[in-house]
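Beneath this line is the structure, given in structure tokens, with notes to follow.
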Amino acid sequence: MDRRDLFRRPLAAAAQLAAPVHAALQHEAPGTEPGHLPLRPGATPPRVTALAYSAHELTEHTVDDFETLRSMRGKWPVLWVNADGVTHAETVRRLGDVFGLHRLALEDVMQVPQRAKADAYDGYLFVVLRMARHTPALDLEQIGVFVGPDFVVTFQERPGDPLDPVRARIRAGHARIRASGPDYLAYAVIDAIVDHYFPVLEVYADALDALEDEIAERPNPSCMSRLHRIKRDLMALRRAIWPLREALSRLVREPVPPLRDETGVYLRDCEDHVFQILDLVETYREVASSLTDLYLSTVSTRTNDIMKVLTIFASIFIPLGFITGIYGMDVEHARGWWWSLPFVMAEMGIAALLLLAYFWRKGWIGQR
Amino acid sequence: MDRRDLFRRPLAAAAQLAAPVHAALQHEAPGTEPGHLPLRPGATPPRVTALAYSAHELTEHTVDDFETLRSMRGKWPVLWVNADGVTHAETVRRLGDVFGLHRLALEDVMQVPQRAKADAYDGYLFVVLRMARHTPALDLEQIGVFVGPDFVVTFQERPGDPLDPVRARIRAGHARIRASGPDYLAYAVIDAIVDHYFPVLEVYADALDALEDEIAERPNPSCMSRLHRIKRDLMALRRAIWPLREALSRLVREPVPPLRDETGVYLRDCEDHVFQILDLVETYREVASSLTDLYLSTVSTRTNDIMKVLTIFASIFIPLGFITGIYGMDVEHARGWWWSLPFVMAEMGIAALLLLAYFWRKGWIGQR
Amino acid sequence: MDRRDLFRRPLAAAAQLAAPVHAALQHEAPGTEPGHLPLRPGATPPRVTALAYSAHELTEHTVDDFETLRSMRGKWPVLWVNADGVTHAETVRRLGDVFGLHRLALEDVMQVPQRAKADAYDGYLFVVLRMARHTPALDLEQIGVFVGPDFVVTFQERPGDPLDPVRARIRAGHARIRASGPDYLAYAVIDAIVDHYFPVLEVYADALDALEDEIAERPNPSCMSRLHRIKRDLMALRRAIWPLREALSRLVREPVPPLRDETGVYLRDCEDHVFQILDLVETYREVASSLTDLYLSTVSTRTNDIMKVLTIFASIFIPLGFITGIYGMDVEHARGWWWSLPFVMAEMGIAALLLLAYFWRKGWIGQR
Amino acid sequence: MDRRDLFRRPLAAAAQLAAPVHAALQHEAPGTEPGHLPLRPGATPPRVTALAYSAHELTEHTVDDFETLRSMRGKWPVLWVNADGVTHAETVRRLGDVFGLHRLALEDVMQVPQRAKADAYDGYLFVVLRMARHTPALDLEQIGVFVGPDFVVTFQERPGDPLDPVRARIRAGHARIRASGPDYLAYAVIDAIVDHYFPVLEVYADALDALEDEIAERPNPSCMSRLHRIKRDLMALRRAIWPLREALSRLVREPVPPLRDETGVYLRDCEDHVFQILDLVETYREVASSLTDLYLSTVSTRTNDIMKVLTIFASIFIPLGFITGIYGMDVEHARGWWWSLPFVMAEMGIAALLLLAYFWRKGWIGQR
Amino acid sequence: MDRRDLFRRPLAAAAQLAAPVHAALQHEAPGTEPGHLPLRPGATPPRVTALAYSAHELTEHTVDDFETLRSMRGKWPVLWVNADGVTHAETVRRLGDVFGLHRLALEDVMQVPQRAKADAYDGYLFVVLRMARHTPALDLEQIGVFVGPDFVVTFQERPGDPLDPVRARIRAGHARIRASGPDYLAYAVIDAIVDHYFPVLEVYADALDALEDEIAERPNPSCMSRLHRIKRDLMALRRAIWPLREALSRLVREPVPPLRDETGVYLRDCEDHVFQILDLVETYREVASSLTDLYLSTVSTRTNDIMKVLTIFASIFIPLGFITGIYGMDVEHARGWWWSLPFVMAEMGIAALLLLAYFWRKGWIGQR
């Protein structure tokens, strides 16, 4: 299916795209204890995988027993644990215990969505950010990343493979990632997430290009509905990426403990990408707003053209009809004069010519 | 009753929602003494309750005698006094005396509404903020919070139970709140108030979603009235929450005496929520503004469609009517020729076909 | 007279309200000497009053002789001199001499209007700000305030009593104002001026509320004229109050010599009011802008409704008229057939029904 | 001629006002050597005048020989040289040699227009700014000012007398300017230039006031053309003055060598004026934007009114015409019944009354 | 061909101008290794030229062998290597090896487009910026510039001669460029690139001027399409130049190692140009937005005029036609009265006069 078609079917797409307006509202009842990990009825434990590596060795397995995980700490330079779900409070709590993570940060992991941020805790850093996909509606998944001196813990909101390319690089033994510490791994994860925004933005660029042609050629009400939905998605994207910019800028300017200075230059590269995404989102929003003007003016001009045709027809034929009406009257004098037909024809011809000349002088006909 | 319906009944809702535009205007006559506590005729004393607790003990009662209250100071780690009304100057003054609160702060408590702020006084902190509810119109209630070394004094604008969940947590003996000082309690109060914004925002998200469908399917003037009211409410929400952001940011960056550093991480969490609320309010405002464009363009397009139908009908039948007029004239030559009916019918058929072809080429018919 | 009516009578009000656009333009010829006090032909000396007080004594008189005034300096803790006009260069110059005020500041007093500001000079502070009244058009009067170690000099642009409540408080012997120095008096004056904005804003809140009802119920061109005038007044208010915010913020953060630290907490209160006024002005501007959208959409919708009626009538009756035209033609075959009337009636009935069905399916009739 | 008329004659004025859009584009070919003084073919040497003064003496002459000028340096406290043209590279270069000015600054003098700025060089300050006049179109002339320890060199873009009032004050022996150094003279020059903006802004205030009346009373297409031109001019003014604000603010905060601290208070006054000009420009831009809304809504309302009249006439008379058509049919039954005329008249009267009642209930007639 | 014509041919131009929306999206798959130089299938090696010079000597040749290049390092004060293509990974990598450039910077060179920036690496500076041309659509080419202690390496995205004027200046032996180090050369390159924006902006100024005339005289739908495309191009230009402003400002305020302080004053000049370009882009965007208003209002006014004509014709002739209809009825009383013709004529004359008077009083006819 052509990607652009997504924005062509208003109602179905509307249902899918309703998400952004609502998305940020799944909150606990006001007054709930902070750091409380909510019990979600029916939540099943997520799949937790562990990947530990040094420059020369690598081990990988699914975690069933958190004690084994605890025993692995300190034995490998980098231990990467990934959970592909955040609804199961018990799993989140036990992972938090193993790595000594703060309750508030764990609550943020479970309470989706959070504002993107990078919070420094004692000895580790907690980064929350959102990954964008378009499948086939805009889908913003929250990823929580904890970076410690010898571990990285990532929480995905849903199962899926956004981080597989990073895993593949580790498995393939790429020198830099294998030789670097957990901060480089965290950077690689964040970079992979940020880079997912580019193909998503491409979908919107295509949709805007398609809309531009359609509006110029055959404006129809569905254009504006699609434009509205694109605007709404762009707002959601902006809301997702904007706070990340601040968080990354702060980390680049003053890296906190688990990050080493060497990683700074990589984070700066990542910050550049975030800036580029924001530039593009802003540009697309302005293009969308300019297309709104284009639509409104195109419709106005078409209404104007239609009115011109109506006015010309009506203003010419209604007076002519009136003349025929006069001669159609059943009155005494109107009958039986031989010259009446040529006379009335001449009358009507002159009236029509005068009116045509008037409209021509007004520029409504013949000059386009 | 369905929440969305609130925005469906224009006039009744308008009366209720008139509040935001007016709300900030109940001020004393210019030139009045600062720190003057205004005597409001007919004001009755509010209900004042005291709740004192340590990690292991708890006492709770309604305050009738302010001397008893004074004698409780210093005997409990945390003494929380709550008044559920701010119009009775005498009560406010006497509570101020017991805890040594500044006249200007007490005046701010009585003069509703204040801009949200956090002012540091000698030895205590004064925070004013506004709580949002939607019952069934937007209702912004001012809450004043004084935090001292061993007390928290809260003033609600109206009776009600917004702080009950906090009280329940204290009574239930939750370890953290019972073991912490008044600054943690103050944080818990502020957090509860801030979290009340989320369900309110949900109402607006629902209303905007409903409007989006309605505008796309059957735009009608009440859409725009409701949209206008939503915009106005969002402005009121923004005005209520925006200054709180500044106040909290300052407290997080440089906590003043009654706040301990440990509370900082909690306030940062609260600040995150405020940021999220502001993000949402801004997004909803932009969605509302995009819906305005959608409405205007939908109406323009519909007018355009209507004009097209009118123009096609009029431009076809007025000329045809003119032809019948010609043959209806009572003139000499028009009579008695056998072939006149077939001839005139052919004439009219050709005229109609030419006109239809013209409109088809203009794209007004048959191509949609 | 009802306040809201002010915005109902376009032309008279327009004359009065023309002020804001022009107001800032009474300037000297370019290249004039700075600090030059312009001679205004026909200017008469303003009324100058002096009010000197200590905690226990008070003297008050009209100043005729500036030498007496000079001799009073240093004898009272606070000497307040007020001039109720700024056009008479001689009076301004002589008052400046008595208190040692800088020529540039005196020029600013006479050159109305100035941007609100607080300029520190050697040993004294010069504050310029504008007071708002609505009598019955928006009226922004400039007030210049000089605060020295033992004096306050105020210049009103026009005679009037805006500062009378402050005088009344001094005369009534209110402890705080009588016991405090000139900086507290200056604060009291500035506070009284700032508080004058609130009743003025209330007028605009009322006018916007009234407009909202009127636009929703019976939009008419005068709505937009009034809305435009309200916007213009709000811009003028914003321009008047915005720079005051900066000036006060600077004074609160770093109080300059004549201001003591104790006055800081009061200025902070005053700054809060200025912030609140700005919040309200911004909100009203956005409400006004939303009302513009409401007006345009209401008119569009009404045009749309009108067009619908026209199109339905014309599209039904013009074809029917055409049918009657056919049967009205004076042609051979059309005569004398007994069934022609029932036949033509059926024809017309079917045509009308088909057209009604078409409009009903388009949703133009019967479904609202 | 009335100033407001300028904005009345669209085409002639458009030609004159085309300047702002183009104005900033007279640049050298990309890649040209920086500091290159371009040879303009046909450029004639400008008139260069020298004015040297101390508190008690003054000499003034036209400069023909730059060696004489060089010999005057150091002999007078202040030597002011003014050139009234910037196209003659040789003159600019030789003046630069006499006073030791940097090539890049001289290039900026010749390359019109520059962004207003104040650049500190070794031992002297270079200020570029633009002077506004309205003669009769907006005319922004660049003035370059060099301020050294004992000289001021000014370059006007075109001959003219904007600085004559300053010269007059020097000749008249005004104490302050004669007793002060070149920095005060530079301030006086800048102040004179800045003050030229006020009468120009007055022209736009008048034009906006006139437009407001015209739009409310008889909107016509030329209103919008004039409004567009006013907006464009205001943008040009804003672009000319905005960077000056930054440059002056920097000088006021941290005066560079040739400026003494005493001059700071004067520059602050000048900065105030620049702020005021910017405030006014912004206000006028917002007024212009509000007038756009007013125009669009007025035209919409008028179209609405016109449609109402058309619809009422057409919807009443087309059905009535149809009724007459029925009775005009040449069919068998329609003839010869005595009561047919009264009957048809009654029919038509009832139809007309029903339609009138319908339009009255819709509020289109009789209620206004 | 006239430059303005570019914006006249909507469809062809649209194809060419589609670039800006898409341009920033050629990114690697998410998760790719940072610093990875992508292998582009079919990429051919670019032309690499070396130009080495001291104040008195100069050598220039095409580079085939990178070892020769390496051997030249350190033998000349300035060695300038230019590659006119960035798709061939091998060339980029080998050039990076010769000069010791960081992988991330080389990746940025190959991944077009980057956000303009100036990144400091150990011992060298990496500047990326974009050059604008209009040939005949907007064309933004990325240029990467590395500045080291004794070298400048430039990467052009495409073959072409934008830097030829700089080469010509070097060959011509211009004292300043030959006597200065690589930082001055880098400045000269950046300045040449920045100056390319001015002729491009001129194209848009011309196009906006042409549109202004066209909209005022004969608004047509292509106006808005062209305006939309101009807006889109201006957004692309703004996105290209805005980040350069930040990068240059930082370099001017705190020059990093390879830049000497003397070069600061030149960079400041370059920064001025960037500011001027941004000012112009913003102004043109506002002019474009004002033209949108002008277009919409012109079309509205024209529709209004057309409606007026239609309404006048229809409202006069439809009632008159009705009168003729009455007298055309085949009813008993309507026949054979001698005075009926004069009578009906008088009736119709009076009706027409009344209607004309009504329209004249409404101001629709005769007053313009």
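Chains here go by letter, A, B, C, D and E, matching the order in which they are written, and residues are numbered from 1 within each.
Methods note: contacts are C-beta pairs under 8 Å (C-beta built on N, C-alpha and C of every residue); 3 or more make two chains touch, one makes a residue touch a chain.
These numbers come from a predicted model, not from an experiment.
Peer 1: Give me the set of chains touching chain C intersected with the set touching chain E.
Peer 2: D
Peer 1: So how far apart, in whole Å, are chain A and chain B when each is placed at the average of its C-alpha atoms?
Peer 2: Comparing mean C-alpha positions, chain B is 25 Å from chain A.
Peer 1: Chain B to chain E: how many Å between their CA centres?
Peer 2: Each chain reduced to its C-alpha mean, chain B and chain E end up 41 Å apart.
Peer 1: Chain A: which residues touch two or more other chains?
Peer 2: Those would be 296, 300, 302-303, 307, 310, 314, 318, 321, 325, 328-330, 334.
Peer 1: What topology does the chain contact graph adopt: line, ring, star, complete, or other?
Peer 2: Contact map by chain: ring.
Peer 1: Using the touch definition from the top, list the residues of chain D that touch chain C in their complex.
Peer 2: Within the complex, chain D touches chain C at residues 162-166, 168-169, 174, 176-177, 188, 191-193, 195-196, 198-199, 201-202, 205, 208-209, 212-213, 216, 265-266, 268-269, 272, 275-276, 279-280, 283-284, 286-287, 290-291, 293-294, 296-298, 300-304, 307-308, 310-311, 314-315, 318-319, 321-322, 325-326, 328-334, 362-364.
Peer 1: Quick check: in the complex, which residue numbers of chain C touch chain D?
Peer 2: 10, 14, 18, 20-22, 24-25, 27-35, 102, 104, 108, 114-115, 117, 119, 121, 218-221, 224-225, 228, 231-232, 235-236, 239, 243, 292, 295-296, 299-300, 302-303, 305-307, 309-310, 313-314, 317-318, 320-321, 324-325, 327-330, 334-338, 340-341, 344
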